[in-house]
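Each structure below appears as structure tokens.
Shared chain: chain A. Partners: chain B in the first complex, chain C in the second.
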Partner chain A sequence: MMYWISVVTESGIFAILALGLDMVWGWAGDFDLAFYGYLALGSYMTMVLTIGKPIPPTEYILGLTLPYPLAIAVADVLVVALAAIIGAVALRNLREIYFAVTTLGAVSALYLVVEVYTPLFDGYNGLFGLINPGQSALNLTYNGYRQVFMVIVLVILAVTYLVVQRLSKSPFGRMLRAVREDERAAAAYGRGIFFAKYRAYLFGAALAGLAGGLFAAYISAFNPSAWTPQELLVIYAAILVGGRGNPRGVIVGVFVVYIGFIELTRYLPSPASRPEFAPALRQVLIGLLIILMLRFRPAGIFPEHTGAGRVGRAPAPDPLEQSGVGASS
Partner chain B sequence: MNTFLINVGIGLATASILALSAVAFTLEYAVSRIANFAHGELLTIGAYAAYSGRAFFHQSIIGAAVMAIAAGTLAGLLLNAVLIEQFRGRNVITVFIATLGASLIIQNILMIIYGAADVSYTFGQGSLHHVGPFLWTTSDIEVIVSALLIAGLLYLLLQWTKFGKAIRAVSQDRVLAQISGIPARRIVMQTWGLAGALAGFAGFALAETIGTFGPGLGFGYLLLTITACVAGGIGRPYATLGGALVVGIAVELVGDYTNSAYKLAYGFGLLVILLLLRPNGLFVGRGMVAVRA
Partner chain C sequence: MTGEILCIENLSKSFGGVTAVRDCTFSVRQGMVLGLIGPNGAGKSTVVDLVSGFGRPDAGQITFEGRQITGKRPDTIARLGLIRTFQTPREWRQLTVLQNVLVARCAYSSEALLRTIVRGRRIRRDELADQAMAMDILDRYQLSALRDVKAGDLSGGQKRLLEFARIAAADPRLVILDEPMGGVNPVLGTRIGEAVRQFVDDGHTVIVVEHNLPFIERICDEVVVMDSGEVIAQGPFDGLRDNPRVVDAYLGMDQSHE
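For the complex of A and B:
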């Protein structure tokens, strides 16, 4: 029972992240690789804002004892500020692989600084100590708290879904897709390309930061081994399975992929002498899943609604094929 | 002795390896029009092949290098046949994501085979030599000399052989080349083999100069490789060599005057500046049209 609560909580947190990432990749068509950095920064900041002063030899910035929800909010503002800088550089006139490489570079630089510069978040040791924030105030047992936390995560996910679903069908959502399909045509119809993409990017980053804040309390310790940038590929695999550009599909995809893989790795042999075996095999399977989905079913289980159904025309089979316009020039 | 020139010398050694890696990336791009994110893994495969040769078959340094080249060639051919050709005609970013998936697969297979812990060669760096104003280890000299040799051979191959002519034709227009009677499919395949060989050797040289390495060796090096390609002009082999020279020396110099732990971050800073100011490469006039990515 506790096991399932843990699995559902984790999947719920990553579903929030995936909804944010899907706005950027699914709707606006920008393949971003920095998003796991936003989740990580959200986690780190939530921690340094709540766990109190560092005890030497550990060292990190701030060390405040803010209430947990306020800490998430403050952390998220910082995450959006970072995304505003990266987005301003990367989105203005870089597209496709240039955009992807730039965001990968940004997250690699962030990772390096966090790992090497210990006064920031205690380098490779990372932070710990955010254990069940508010447990005593709510007067709950450990297990009871975990159940309440799961419900909170699911409620936040539901609210996020409703907002994102509404945005998806709003003029803003349609504009982003128009920009994705043909940037020049959208610009010709008077759409501000950069600000459309930029707003989606910031909104997505805000969701990633929120997921990071929740993740901090879920695992209660955070260090660089928890967020190698390649972890983001799992989220992309989940979006591909569920259906890129379709919020409901994205959530289903995350739950299917996470629960599927967590369940699968439980039954894998895990020799004590080779602790890296099971995680490595899991990564191999995720890579395979990405390639096979792209090759044979790029639209996912729940394809994006193109709106073309209303005029009785079959929707385009592969939304990926139409995206993007070209490089900067 | 002038420290600045010594640093330039170290930069030349860095640039030599970078040049091999970048030219292989550019060749892949030129014939298949894709950015291969599993490129770093070709280097890693080369490094591990040489390691196996050394640790299990007790090869000399030459034997280890040959094994790195052979493994790289094989990996390049396989990657093209199993992945790239399957995605032919698909959107650039789709293929890009697929290669990212392939990178994840290869890294973790290597981790399963060799373990997550770093390994190292036992060749040693050799003694220090003063060459003109520069100060190099034996392995630095070996790397620089072999890179120059390979660059020379590559020039002869691209410029003076039928195969080289065919590569250039296919990279300009695959369909047109096909119509003109060039077996484009085979040329693309052979180019991937060539790129794999270059990358395999670069991986071996990189691992030897670094000393220890793990399954993430090539992936960590990819960003610098792409920076070199962008600096030169992606898809153009000779310009890429020039770009690698500039980037290699620049990164070493900046790293030496500040904290060298952030070398990768400087590489990224350089990449962003290049992308924003000279997206078509350093050696292109503003009026020229870039290769579309």
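For the complex of A and C:
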């Protein structure tokens, strides 16, 4: 039971992250590889704002003891500030593979700085000690707290979903898809391309920072091994499976991939002599899932709605084709 | 000068060592259809790019409704009321036909991110009015039955009509059509000619870049002829037949248009 509470909590946190990433990749069309860095910075900052002064030889910045929700808010502001810098460089003129490589460079630099420069977040050892913030104030047992925390995460996910879904179906979401489909045409109709993408990027990063703050309390410790590049690829796989550009699909995709593939593969038989067999098979299965989805249902479980403007009437036969007007070129 | 919606003065642009546009000067009066013609490589498309902000001129000035727009960004120029098309239709493929027209409607204030979150209901109400308007426009271009079809699935001719529907939705002061007759059959060609005249009747000014000379003759009040990056003539189409530079540069090369 506690195991499933943990799995659902983790999936809920990653679903919030994936909703943010989908705005950047699904709606605006930018394949961002820096995104997990925003979750990481959100986690680190939430830690150093809540866990108090470092005890030597441990070292890290700040070491405050702010209330946990306030710490998440402050951390998220910093995450958005970092995204504002990376986005300002990467989104201005770079697209597709050039954008992806630039964001990969940015997150690699961040990773190296965090790992090597120990006074920041204690380097490779990382931070720990954010254990069940508010447990005593709420007068809960350890297990009771984990259940309440799961509910809090799911409530935040629900609110995030409602906001993102409203944006997705709004003129804003539609405009962003137009920018994705053809930038030059969008510019010719008065859209500032950079500003449109930038707004979505900062909003997405804010969701990643929020997910990071929740993640910090979920695992109570954070170090560089928690945000290796593979983690982000699983999120991308989840978006692809659920339906790129569709918030409902993204959430379903995260739960399918995390619960269906990562957790259920624990029950696969693993020869005692080869303990690495099950984790390796998990990677293979996710790869297989991506290939099968791309082959048989490339738009995902729930295909995208491209923003406001669907009235829902079935299209009638094409009058132009009948009159011969449409049969040109 | 009164009545001039667009003035281009001494415009020049080079790419590397190639001069695409040289010292180009002409103006467009309010409410007219101006044809911009010339052989391939004459610099027509470059002029369109420079005027619409998709390229920066090396020298010269562009004035739109008395305002300097030289070197401004394309979206800024579009917001002033100058909409251009491209040689190939550039529809937003994954968006439906109706959504294409709604995006072209340019209701920028409804696209504010925070306002969408806190004032979503208000935006949805505005959106309904815009949808009614968009449906009227789709009716006019015989696209209303296709409104929920993805624009990328339309035929070539339907994409051309969608481009006109998008312009009608944007309601610009000046529209520049870059080769609207490319790959278009005669029936649709008549339809496009009517659409251009309709724009003028609705108070728009139109510039048409086109190789199809009978089409230009039929719909344009005046023609600017370019060759090797320079304007070599401007005036009514009929007067150009006797202009030796024009005949030499363009008409003489391809009599089959006549």
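The definition used in the following text is that the second predicted complex is superposed on the first by the 283 of 329 C-alpha atoms of A that agree within 3 Å, B and C clash if a C-alpha of one lies under 4 Å from a C-alpha of the other, contacts with A are read in each partner's own complex, and residues count from 1 in each chain.
Keep this in mind: contacts are C-beta pairs under 8 Å (C-beta built on N, C-alpha and C of every residue); 3 or more make two chains touch, one makes a residue touch a chain.
Just so it is clear, the structure is predicted and the values come from calculations on it, not from any experiment.
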Going by the contact rule set out at the top, does A:Leu294 touch chain B (first), chain C (second), both, or neither?
first
If you stack the two complexes on chain A, which partner ends up touching A:Leu70: first (chain B), second (chain C), both, or neither?
neither
In the superposed arrangement, does A:Leu281 touch chain B (first), chain C (second), both or neither?
first
Return first, second, both or neither, reflecting whether A:Val116 touches chain B, chain C, both chains, or no partner chain.
first
Based on the superposed arrangement, let me know which partner A:Leu268 touches: chain B (first), chain C (second), both, or neither?
neither
Check whether A:Glu304 is in contact with chain B, with chain C, with both or with neither, and answer first, second, both or neither.
second
If you stack the two complexes on chain A, which partner ends up touching A:Glu96: first (chain B), second (chain C), both, or neither?
first
For A:Leu138, select first, second, both or neither according to whether it touches chain B, chain C, the two together, or no partner.
neither
Once the two structures are fitted together, what part of chain A is touched by chain B and by chain C alike?
320-321, 323-324, 326-329
Chain A - residues contacting chain C, complex:
163, 166-167, 170-172, 174-175, 177-178, 180-182, 184-193, 199-200, 203, 304, 306-321, 323-329
Under the stated contact criterion, what part of chain A meets chain B in this complex?
31, 89, 94, 96-98, 100-102, 104-106, 108-109, 112-113, 116, 230, 233, 236, 274, 276-277, 280-281, 283-284, 286-291, 294-295, 298, 320-324, 326-329
Under the touch definition given earlier, write down the residues of chain C that touch chain A in their complex.
52-54, 73-75, 78-79, 83-86, 90-96, 98-100, 102-104, 106-108, 110-113, 116-117, 120, 123-124, 127, 131, 134, 142-143, 145-149, 154-158, 160-161, 166, 170, 183-185, 187-188, 191
Contacts from chain B onto chain A in the complex sit at residues 35, 83, 86-87, 90-94, 96-98, 100-105, 107-109, 111-112, 115-116, 223, 226, 261-262, 264-265, 267-269, 271-272, 275-276, 279-280, 289-290, 292-293
